[in-house]
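For reference, the structures are reproduced in the following blocks.
In the two assemblies presented below, subunit A is common to both, partnered first by subunit B and then by subunit C.
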Partner chain A sequence: MSLILQALINGLVSGALLAVPAIGFTAMFAVLRFPNFSVSGIATLGAFAGYVAYGAGLQVVGSLAVAFVIAGAVGLVLDRVAHLPLVKQGALPAAIASIASGLVLENVVRLGFGNDLRGYDRPIARDMHIGDIRFSPQQFETMAVALAIMLAVFAALAFTRIGKAMRASADNPELAALKGIRPQRIAMMASFVGMGLVGMGGMLLGLDSSIDPLTGTRILLSIFAAAVLGGLGSPLGAVLGALLIGIAEEGAVLAVGSAYRAAVGFFAILIVLSLRPRGLLGERAF
Partner chain B sequence: MTLLTVSDLRGGYGAADEIVRGASLTVEPGEIVALIGPNGAGKSTLLKLIAGLLRPRGGHVRLRGRDVAGLDAPDISRLGLAFVPQERNVFGAMSVAENLEMGGFLDRAHLRRRIDELYQRFPMLADKRRAAARTLSGGQRQILAMAMALMNAPALLLLDEPTAGLSPRAADELFATIVALNHGGVAILMVEQNALEALEVSARAYVLVQGRAEREGNAAELASDPTVRDLFLGGAAAPMLPQDRGDLR
Partner chain C sequence: MNRLVGRRTALLSGVAAVAAPSVLRAQGEPIKIATLTPLTGAGGSYGPVMAKVAKAVVDEVNAAGGVLGRKIQLVSEDDQTNPDAGVRAARKLIDVDKVSAIVGTWASAVTTAVAPLCWESKTFLCTVSGADSITQLPHQGYLIRTQPNTVLQITRTGDFLVSLGAKKIFTLVPQAPFAQHSIEIMNGVARKAGGSHGGLIYDDKKTTYRTEVDQALRFGPDAILCAGYMPDTVVLLKDLYRAGYKGKIIGQAYAINQKLIQQIGQNEVVEGVYTYAPSVAEGSRALERVKKMSGLSDPDPYTSQVYDHVNMVLMAMAAAKDTTGTAIKDNIRKVSQGGGKAVDNAIDGIKAITAGEKVDYAGASGPCDFDDKGDILDCKFRYEQIKAGKPVLVKIA
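Take a look at the complex of A and B:
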């Protein structure tokens, strides 16, 4: 029983960390209308940008801000130069181009930092125990930061003028243009914020374990599965999807071994596309 | 000064697709003008070209004397033109209040006051302010769509088939609302399949056939014209034949 409870808690923690890049991915899909797979490279870039900033003496929050800005800026340039010009030909060419962009970014990071695993040099803290259940204070600190980021994103979408304009543009871009909302500006905003969130997600996952040039590639399938499971285009759905994927991955480790953890994402996508293609909350739900 | 002057406007959805073929019309300040014609005549396409949702291939669109042909929709909206499309004319996933806020996106300074005014004018919107727009009935949705358009205090409102899909009673109420809006000083250019009712509330009308305004005139006179009656008011969906167009000329 305690093993199951431990897996549930671990799943919730990893799901919360996964939710941040999943919100970024789904928000970009809602506005730009193509699955941007360059999030693998952007998550890696964010993880390394945060790593450098943290190594230079910034605190976690400051390092996350650096990861957000660097990932957002690079993602914005990639979208403008390599992805969005292809969207006119359909979502598929843009999606394929984004896979290529992700590979380029991954290898640029590899060129700069090599293939070695690196860890954020955080102070060591003793685990806490409640019965047989083990808690790491750092894990919870990271999860709290992730929850704060999510709250900030949802508050921005719900209460700010630009957040509402992004939702309007995702809901009905033609009508949004008729109301004076400039689609190009909203697309740029979605690229910057979405990629920034993915970059922060990369760093959060790095804080929880370690980073290397394949950090983003390893979580790409989980990010995509979380977004599809929740309903592509729905930020709230992405959070729900990420939590479920996190719990399912930990459950798979417990049930069939860690080698099958990666299969959870494939399995979730297969089930959702077969039974409920619009996802749990449907596309473009808040 | 004439509010809207469209002259020899051409355009469509694709490069080789010319649905509007040299349409010309005018709208004076404060009047209601109906645009009637058979299915596929290009009425909705003409409104989209005027509103900037489609880029014209030729001709001019002058709003208060300024040529706006080729400008993007947000720029044309800024100049005082509001377009209510036939379908998908509200943000379904957003609440009624948020829809009104987005309607007033361009004019933050008067946002609260205008929303309060619209709540007084349409109490249904106040009652449903927290409801998602997709949950409204067809008639309520049309009212919301028009209220959103009014948020920017436009000089000219383009309505694309506002009563499509509504019950006769809801359509009558909507026509009454359109007249009331017009009495408030908003000029209206309206595409409407419900041609007889549209002509009843309009000052003037144009008959659009194959992308061109084939006939214009006083709405009451057009309503009593035997050819127009045969083609649009009795057998409203009947396509106009070439010989009929000759009669109209």
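Take a look at the complex of A and C:
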């Protein structure tokens, strides 16, 4: 029993970290209407940008801000140059182009930093125990940061003009344009914020483990599965999806063995697409 | 009649004139061999220097006149420590470059994927991968490996743990061709010594192993074998430390090394951790050459093994007076074992072979003698323990 409870807690922690890039991914889909797979490269870039900032003496929050800005800016440029010109031909060409730009980014990072593993120079502490259950103070810290980021995103979507404009544009681009919301501006905003979140997600996931040029590629499937599970285009759905994927991945270790973790993501996508293609919360639920 | 003969002679000489340049061309054409090493991915810290040393051997032999009067051209590709990428690169090497031998495949999953392409195209493959299943493939002799197989490696590691007093051993191993077999072999070793054993196969792409570590610790082990690669082992060791595990830990030296220590950045996390590795031929002249070629004061076993691969392949060509993969297959054991003049590099070997002598190569990684399946017959192991952030030699045995 305590084994299951422990796996549940571990799953919630990793799910919370996964939720940050998943929100970014799904928000971009809502506005730009194509799955942007360059999140793999952007997550890696964010992780390395944060790593450099952290090494230069910034604290975790400051480094996250650096990761956000750099990942957002690069993501925005890639969207403008490589992806959005193809969206007119359909979502698929743009999605394929985004796979390519993800690969390019990964290798640009490799060119600059090499293949070596790097770790944030954070002290590693022993866990605390409450009965049979282990808690890692650091992982809860990281989780708290992730939750704070999510809250900020939802507050911005709910209360700020630009957030409301983004939601309106995602809901009905033509109507939003009629109301004077400039779709171009919203698209740029979505690219920047979405990719910024992905970049922060890359750093958050790397904080307690380690980073290398393949960091983003390793989590790409989980991000995609979380977004699909929650309903592509729904930020709240992405959070729910990420938590469920996190728990399912940890639960899979107990149920079928750790080696089948990768199957969890594919299995989730398969079930959602065949039983409830809109995802848990539907496509455009806020 | 005379005119007829004259015409025939003229025709013949014409044919000869057309044919001659192509014959000359063939003689001048370089012999192509390839390295397929992980320049990126989990093996990315080994592949580049492996390719560098292979190139150095080829340059050296070319400077001494090449093989059979022809220069050797080395093509280097990246397998990205990934079977898909490895197969794509091997296809290019085989179909486009038409190499006669590929050396240096590192990860067992990559070698397993690439090997069928090699034996089907009669391309010779030398690998440093350890999974038992590799030499059990129907490779028809087109494969040798210089790395001891899983049985040898895990048995020696298990014996070492038992000699340290371990009674309850747990094996944590990533999903790889050697995974299940590693667990079974360690199980046998532990039980034979009167102890018990548990094991778990994990996914090496996870960012946390808390649940896996929980499962391992529930077994109450006094020694844990972490048989993974470096990226996953970093996470695993951190999570074992966080969980408060204080027993023995042992892992492959390719995963637990100076880079890992530096990466973890906190000495008490890795304090006392043991490592094992097939040992290089300490004190041999070949190893000294590898040191010079690689620029490393302490070359790893894979770099030493690739040095041996290239030397043996080139000597086998000289012994066969032919450069095809099949010629290498049929002659590699004639230059690697069975007595004769002891040589430790291809230049001396080729000279001796040209002079009609039988040679027996022993290189930087060891004696390099192979059984019929392509496994090496003998190899020493090197055990180290990390103390205050530095690996300290325990023994070579």
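Of note:
In this section, the second predicted complex is superposed on the first by the 286 of 286 C-alpha atoms of A that agree within 3 Å, B and C clash if a C-alpha of one lies under 4 Å from a C-alpha of the other, contacts with A are read in each partner's own complex, and residues count from 1 in each chain.
As a convention for this text, a contact is a pair of C-beta atoms (placed from the backbone, for glycine too) under 8 Å apart; a residue touches a chain by one contact, two chains touch by 3 or more.
Bear in mind that the values here come from a model prediction, so they are computed numbers and not experimental data.
By the touch criterion defined above, A:Arg161 reaches subunit B but does not reach subunit C.
By the document's definition of touching, of the two partners only subunit C reaches A:Ala259; subunit B does not. Contacts of A:Gly180 after superposition on the shared chain: subunit B is touched, whereas subunit C is not.
Once the two complexes are laid over each other on the shared chain, residue contacts for A:Gln59 go to neither subunit B nor subunit C.
Within the superposed three-chain arrangement, the count of touched residues of subunit A is higher for C, of the candidates subunit B and subunit C.
By the document's definition of touching, of the two partners only subunit B reaches A:Asp171; subunit C does not. The contact surfaces that subunit B and subunit C form on subunit A in the two complexes do not overlap at any residue. Subunit A contributes residues 3, 6-7, 10-11, 13-14, 17, 110, 114-119, 121, 123-127, 129, 134, 136, 139, 205-206, 208-210, 212-214, 218-219, 249-250, 253-254, 257-262 to its touches with subunit C in the complex.
On subunit C, the positions that touch subunit A within their shared complex are 39-41, 44-45, 175, 179, 200-203, 205-208, 210-212, 214-215, 218, 230-231, 234-235, 238, 241-244, 259-260, 263-266, 269. Contact residues of subunit B toward subunit A in the complex are 51-53, 72-74, 77-78, 82-83, 85, 88-94, 98, 101-103, 105-106, 108, 148, 152. The residues of subunit A lying in touch with subunit B in their complex are 161, 164-165, 167-168, 171-172, 174-182, 284-286.
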